[in-house]
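In what follows, chain A forms one complex with chain B and a second complex with chain C.
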Partner chain A sequence: MQNRIKLIFISLLLFFCFLILFEALKKSNIYVPDKVLKKSLPKFKSQDLDLKKEISSDELFVDSEFYLLNIWASWCLPCRKEHSILMELSRNPKIKLIGLNYKDKFTNAKKFIDKFGNPYSDNMIDTDGTISIELGAYGIPETFIINKNKKIIKKYIGPLDQNSLNEINIILK
Partner chain B sequence: MKIVRFFFIFLIFLNFYNLSYSKDNEILKKKISKNIRCLICQGQSIYDSQSDFAESMKILIEKKLNEGLNEDQVYEFLKKRYGQWITYNPDFNKNTFILWLLPILLFFVGGAIIVRKLIVQKL
Partner chain C sequence: MLATQIGYYSLIFGLIAGLLIILLSIKNYNNREIFINPKILPISFLQFFFVSISFIGLILSFINSDFSNETVYNNSHTTKPLFYKISGTWGNHEGSLLLWLLVLTLFIFLFLVTSSNQPKRYRILTLVFQQIIIIGFFLFVLITSNPFSNLFPIPQEGLGLNPILQDPALAIHPPILYIGYVGSSIIFASSLAAVVENYISKNWARHIKKWILISWVFLTIGIMLGSIWAYYELGWGGFWFWDPVENVSLMPWLCLTALLHCIIVLEKNLSLASWVVILSIASFTLSMSGTFLVRSGILNSVHTFANDPERGMFILIFLFILIFIALFIFFTFFKDNNLKKIKINWISKEASILVNNWFLMYFLAVILIGTVYPIFLEVITDEKISIGPPFFNKLIIPFLIFFLIFMAIVPSLNWIKSYLRIRITNIIFLILSIFLSYIVLDRTSSETLILTILLCASLYLFFITIREFFNKRFKNISQIVSHFGFSLLILSILLNSIFSKEMITNLKVGEKFNLKENIITFEKIENNKSKNYDSVIGYFKIQDKNQEIIYLKPEIRIYNEPTTITSEADIKTTLYTDKFLVMNFVKGKEYFNVRYQLKPYMIWIWISTIFIALGGFISFFKKEYAK
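Entry: the complex of A and B
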């Protein structure tokens, strides 16, 4: 009788372990940080791509209801894909687009903007990638939607598409 | 003349102080980078990884240490941005308590089994 109880107990334990491991197999083992942060925008200072002078985030994030901060680079292919979406958003007066040029060469960045158009009101430079880390980004492109209280209300990892454009338009309404 | 000599001695000491300070920071930077996971090459620490993200992270850690943040403050700063997962050393909380307590529990259960067997053998 005691042996039978032992057998049942061990079988149940093994089944339980199997179930946990089996469920874990279905989960992706690639970690992605939380998308909605609802955190305040960190303060940072950087050079402006066009003006070549240092500007602080306090000077940039003023006089708009919403802001879109987009991390981009000329060498990043998905950035080209989302550029038309950014151009479309730049026509909306409710949102101010700010670019953060990530680890790029000045001439290449300029060429990119000249070729595809400039959707940004201001473009900042992140030469060593540390501003992006301050923001909580880990790859490009990444886009943050920020409200007038300087809180990050939405974050997009990867290129923006039609769905994200619709989502942003809903936020702006 | 005495004042000049004193000034030079002071300068030499100041240099030594700076040297040891930057050396301490270098060791701490190494230690922290070994404890931070790379989000691009997942499974590697940023110390081992050479991805753009890891390189930027190393620069940021150095900047934060130079700003005067200590080891725990740097971890807190990164956890706020990337979550608990970013460190190899998870905190004790409601999500991780099994991870921390299970080995201790197994140790005691194993110990109890061994002790019980020894007592039975002696009898």
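Entry: the complex of A and C
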């Protein structure tokens, strides 16, 4: 009898795990752009990674047609994967790349940039993650495409890949 | 073209062979013959043969750069060196699954050959369970990830292999790791069969221990190779990132380690039987879950080859079917009461192995939660989080301290009933370790206090295992070697993390830089052309305080297919320290960014892992316990 109760209990637990993983599988399609678009970019202030002084978002988002805001961290492996895409984008003069370094150690962030190259024209520090929360980020990496009116026109959750690069290039044309 | 066709049809023949074996086995199970049907062995060999043919077919397609094959087109390129063309075969999703199948079929054939002295019904049932797994994988390969799909029109050129995967350690990492994973499938099938046949006995324990040792040794080495790759190719001197995929390889390892200890108890005096069965089921389940988490794209990691929910769905359903079969069998057939009960004293080897299990299960639980919690949270609350190294370090380090001390004390206990003896040498060693770790603490900042306590514990274990080695000579040598390796591993990781030094600066050609007593001179740069990349090589002269001079030549490689810039660090390894130098372009500037690191005792991390595996290896060849 006791065995049967155990069996039922474990089966229920496993069934629950199964359901969750089943749902999670469907969810993995969120890596396509989200629908929360055309929101305007919240204002924020933060330290700059290179200049080490306080900078506000109004000073950053000037004189470019499009901006790309990328939330990253050195400890985040997918960020490493999308880095080559960002490097490629940084060669395009129509878009300005701004990095937001999320909950990271200063030295590690520096190392990351030194090792893989710096695609960003500016890099902000988000030590406690509050700016990312204000932006409505789910996790990292996450990328926002912003137009010159400071409206978020596209959002990518998860690492950028070749498809997202093509999409961005279409927007820039 | 031809190789692709042959490969595809061989797979189908392999699947048919699997079905045939199950049919024959069911017939054979209930008849009165004493021996297993003589047809089964050749068919099992044929199945292995068919899978090898298809695997060789895929390798040939890679070598000939046959781009009519979609897998080759996606992962290869004509300019790639031959070595990486071959290793590219299993460097992708489809090919690596084919490798799984290859090892699965090889292992069941070997199992049949080596188990002829075991009862017939037990062998047949093991074979049936294993064939269920094999057929599942055949279907998975054929339905969702066929390595032999055709492309038309035939492309001129392939997409190329990701340069960071072009590394010798990574070329052999998957096969070795898979032998470990797949070995656990034999353990799974065999323990289920033993439960059904009520054959959990000393005899069974002795026989299955060999398989546990094989998969444990290979899993250990496989994990080490992955970590070596991360150190040379990915990292800035790091070798373990608590990446989900690293975690899923560590979980079956912890399970197998616990199983390895339990099976010794079972072999000696028939206790802990339920632990053995549950751990056998868990090791394989965890290996399969690892495959699921990696292949489905649920987790994001360097190992994720493709985000394909269909594949994920298949493995998920298959995995849970296996788990439910296993649970059902365990709860209906498992009988503990016919094993003789021995009262276990609290101070005895059995009890200490039980405590060891609980420690390992705790580590396992921490890692499991750290890995899957983000998935559960996301589904339930729609919130996405990443769990990083601090979580694992905080939860694991305090327990590791007790675990190490425990490891130093208990292996000298006897079976069934024993006493704790306090010896003079133990106290001397304890004082010595405290003294040594105090010196380390003194030379560094007090931030590392908890690390120093850990250091003290691992030093203590280190001394004790050395003493045991000289006291007991060759009695129990496998255990001593492994435990010694473990203490050395923790020691070298700690000393490495405490004493690492580094410097980051921008240097022009001809400039000098001082780090402590080292002088680093950037002498010149040189441009080179290779088959599939161009490179810029920097020449650095490093002079240390003893006036010894070494030269380091880091490279920046610009791969053409796909266009990627990678920095190849140059690393000079000695027994004491690794000197690690890497340089990078700085956008639009004439100077280079240079990073120089001193990583003490790096090589000992690999050496100690080899010691751990060596213990298992010795145990495999050791003569069986005298009856």
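The rule we apply is simple: the second predicted complex is superposed on the first by the 137 of 173 C-alpha atoms of A that agree within 3 Å, B and C clash if a C-alpha of one lies under 4 Å from a C-alpha of the other, contacts with A are read in each partner's own complex, and residues count from 1 in each chain.
One rule holds for everything that comes next: contacts are C-beta pairs under 8 Å (C-beta built on N, C-alpha and C of every residue); 3 or more make two chains touch, one makes a residue touch a chain.
On a predicted model such as this, the values are computed, not experimentally measured, just so you know.
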{"item": "Which superposed partner A:Leu77 touches (first chain B, second chain C, both, neither)", "value": "second"}
{"item": "Partner contacting more residues of chain A (chain B vs chain C)", "value": "C"}
{"item": "Partner chain in contact with A:Asp63 - chain B first, chain C second, else both or neither", "value": "neither"}
{"item": "First, second, both or neither for A:Lys6, with chain B first and chain C second", "value": "second"}
{"item": "Which superposed partner A:Lys110 touches (first chain B, second chain C, both, neither)", "value": "second"}
{"item": "Which of chain B and chain C A:Glu134 touches, first, second, both or neither", "value": "first"}
{"item": "Partner chain in contact with A:Ala24 - chain B first, chain C second, else both or neither", "value": "second"}
{"item": "Shared contact residues on chain A - chain B and chain C", "value": "29, 31, 138-139"}
{"item": "Chain A-facing residues of chain B, complex", "value": "37, 39-40, 42, 52-53, 55-57, 59-60, 63, 80-83, 85"}
{"item": "Residue ranges of chain A in contact with chain B within the complex", "value": "29-31, 33-34, 39, 103, 128-130, 132-136, 138-139"}
{"item": "Residues of chain C touching chain A in the complex", "value": "234, 236, 241, 243, 292, 296-298, 300-302, 307, 309, 312-313, 316, 320, 323-324, 327-328, 331, 375-376, 378-380, 383-386, 388-389, 504, 564-565, 567, 582, 584-587, 593, 595"}
{"item": "List of chain A residues in touch with chain C within their complex", "value": "3-4, 6-7, 10-11, 14, 18, 20-29, 31, 75-78, 80-81, 84, 87, 107, 110-111, 114-115, 117-118, 138-140, 157-159"}
